[in-house]
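Here come two complexes built around subunit A, the first alongside subunit B, the second alongside subunit C.
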Partner chain A sequence: MKPQACVNIHKEWDIVGARQLGREMAKDLGFGTVDQARIATAVSELARNIYLYAEQGQICFEIIDTIERRGLCMIAVDSGPGIADISQVMQDGFTTSGGLGAGLPGVKRLMDEFDIRSEVGEGTKIKATKWIR
Partner chain B sequence: MDELIKLHAATYKELLKNYMNTQDERALYGVEKVSKAFIKENILPEEIVNLHIDAMEEVSTNLNKDYKHSMNFLLEAMISYGLAMQEIQMLREEKHVLESEISVAASMQETLLGTTKPSIEGLDIGVISVPAHQMNGDYHHFIKGTDGSLGIAIADVIGKGIPAALCMSMIKYAMDSYPEESMSPKSILKNLNRVVERNVDPSMFITMCYAQYIPSEQKLRYSSAGHEPGYYYCAKNDTFKEIKAKGLVLGVSPDTEYKEYELIIEKNDMIILLTDGVTECRDGERFIESQEILSIIRKYAYLPAQEMVDNVYKHFERLQDFQLRDDFTLLILRKKV
Partner chain C sequence: MEFKQLVINNSDSIVQKWMEEIDSLKDSNYTATISDELYESTNREFVNVIFTSIRNEGSTKAVEDFSEKIINLGWPLSYITDGLQIFRRVSTEYLLTQSEKVDSNFFTNLSASVNDWVEPLIRELVNEYSGSWEHIVSLQRVALQELSAPLIPVMEGITIMPLIGTIDTERAKLIMENLLEGAIKHNSEVVLIDITGVPVVDTMVAHHIIQAAEAVRLIGATCILVGIRPEIAQTIVNLGIDLSNFPTKSSLKKGFSTALEITGRHVTDLNVKENNIEKMMDSLRGE
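Showing the complex of A and B:
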């Protein structure tokens, strides 16, 4: 598993670039239309979090291709303020989106695997993977 | 789930084909049913749009490019709806868990605070206490003394729901710990006041009335801690009179003393004790007048006390469109001989 492509996020326009890259990689890997759209939305959500709260960060995509399964993994890294209470942000209805289903719980739903690490004052790293069904 | 999608997808395709040819209402009714099945299986909107795209590819051979692009656009627009739907589903499940926890707490409360209506020679007693939500912030309790007297406590926490209910458990256990003899209404309130003052958040207030009926003297002794006790019905004059009693609500100051009052009760007289869930019943936006309560009580006065309170409750439940705004407790004592 090695990094295949990364997008830097520091202005809103970069979110679109990250979506596009994520979607194209998903399409090439053979994801269906619905999953492509879900992956793009997850990328969007992660990229927007970086843009809104950390100002600067990066989203990298990795193709996972083993004998058992194939999928797309995205890693969002920022050096922003970090999240003090992860359980809280992972709660439904908590997000600043005002319960529109988005936020990190939304990313978790859109993807198959989700992992988050965060240190206050250091930054946040989120890893999310979707498998081809 | 995938199997189910396939099954419904086949039906959807069939109905769509049918509709394209005939624009028949039956096909529309059919898709209404399929749509309900989708909701039941938590099929997300983007999956339905995708299903539609696939179905159209099969049904029609001359789909143009613009149409195809537009459908992909629509699919994209549905993703966030799908997420919101899943979130709502999750919140609904959480709500369900909370509700069943509360209902366990409510039945526990019923057991904890349960009091049995005593039967006392020459006295007809009726009582009803209904919470506005699942848990009751009103409290009433009967204590039958060995000397033949009957103690009646009626209390109301300002506020309702779970915090109010928790408060009431404390009152009940404090009262249980008092030796039953030698406890006059004023000393019971004085003791409870100290318990409440020490243990309850200052933002919570409890109003309470404690009354003691002494059959041998035909007398009711009572004290009140900020609780409007209720009414006294004098059979001889056929009149209702407000029972007046002064006293500070429980928990405000540690050294409050309470005054004790007395009332002589004669044959067919009634004592009506209640909480503000009764006096503050509302008819639309309007609070009811105390005269209205009394006229309803009078209307059912020919019945035994329990049937009286039940009927009065039913009347006000109906008046408020079956949605109580506050916990409702009504207690009636009638001297039969």
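Showing the complex of A and C:
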């Protein structure tokens, strides 16, 4: 599995670029409209979190194509402040910016697989995958 | 200094050579669709600007007017940079043919001298050109901003805000301002926000819409969110966003009917009514 396409995030409009790429790849892979919207929304959440909390980072997409299953994996990486308490940010409604606090738990529900790793002062890496049914 | 005087004194032959060279760019390049007359007259103006600028050591007005003209014509920046590169080459070549002994020292002096007059001009023209572009872009930004959150008073008490395209923080702010300002100005009882044209509704967009709807409620009006496409409804549910606190309708049409009900109106089909009257008349006649 190797990265197939990445988008750098440092301006607000980079979020739009990232989700357009995500949607495009999802469409090419054969995801339906609802899953395309789910993927685009998940990209939007992760990219905006990078823009808001880490200032800059990257969203990469990988196509997973094995005999058993096919899917799209997104990896959001930043070297921002990191997250001290992961279980806290995964709760619905937890926010430090006056937002809805529904982004991270929302991404977990929008996607099929979700993995978050973070180190305070080091950065955050979030990996989320959607499988084609 | 003496090189410069030589170029100015022999401007005729340099201009001629320059015109020939820039003319050869026309067909192979960007300006293929431009009429020969316009191209020729603009070239002449260009080379005049170059010479005026060399003579007066920087005549800003002529440079300003010329770069503005190029932008208005829609010609690319490369027309200006190509033209100046050709001028640099043509003058250097001309000066070389005019000198008997050419050693490396001479050549260094010569090209330093030519650069002295050409480089400030390149800088000035490029700055003018890009400055005008930035000005145009900022004007378009304002124009786009005015379009980005329009409010349409469809009838007494009912206002619609159709949103099309991506919503960023700046636009979200405009939506809120226009919505409140407009609802008060038009005395709206019901405001319909149509999100049919919004490609992605993430938590940020949802948050702004919820805040806008709440603000509308505070000024005593009802806000109905319409145009929620099925896939958007799905993602909103997945995100766990609760929209149950304010009315939503799948289409603008349904939202509008609700708005009519709220404002105590309903739509009547005039044709149907007339038919009924006719039927009544017929039945009366039949008696």
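Note that in this section the second predicted complex is superposed on the first by the 126 of 133 C-alpha atoms of A that agree within 3 Å, B and C clash if a C-alpha of one lies under 4 Å from a C-alpha of the other, contacts with A are read in each partner's own complex, and residues count from 1 in each chain.
Criterion: contacts are C-beta pairs under 8 Å (C-beta built on N, C-alpha and C of every residue); 3 or more make two chains touch, one makes a residue touch a chain.
All of these numbers come straight from a predicted model, not from anything done at the bench.
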### Task
Following the overlay on subunit A, give me a clash-or-fit verdict for subunit B and subunit C.
clash
### Message
Tell me which partner touches more residues of subunit A in the superposed arrangement, subunit B or subunit C.
### Response
C
### Query
Which partner does A:D92 reach: the first (subunit B), the second (subunit C), both, or neither?
both
### Query
Is A:E12 contacted by the first partner subunit B, the second partner subunit C, both or neither?
second
### Task
Using the superposition on chain A described above, determine whether A:N49 touches subunit B (first), subunit C (second), both, or neither.
neither
### Message
Output check: A:T41 vs subunit B and subunit C. Expected answer is one of first, second, both, neither. What do you get?
### Response
both
### Selected from 45-53, 207-215, 225-233 or 261-269: the stretch of subunit B that, after superposition, runs into subunit C
45-53
### Task
Take the contacts of subunit A with subunit B and those with subunit C, and give the residues found in both.
33-34, 37-38, 40-41, 92, 99-100, 102, 105-106, 109-110
#### Entry: Residue ranges of subunit C touching subunit A (in the complex, touch as defined)
166, 168-169, 199-204, 206-207, 230-232, 234-235, 238-241
### Summary
Residue set of subunit B touching subunit A in the complex reads 46-47, 50, 53, 72, 75-76, 79-88, 90-91, 94
### Message
Give the list of subunit A residues in touch with subunit B in this complex.
### Response
32-34, 37-38, 40-41, 92-93, 99-102, 105-106, 109-110
### Message
Quick check on the complex: what are the subunit A residues that touch subunit C?
### Response
12-13, 16, 19, 33-34, 36-38, 40-41, 44-45, 48, 92, 99-100, 102-103, 105-106, 109-110
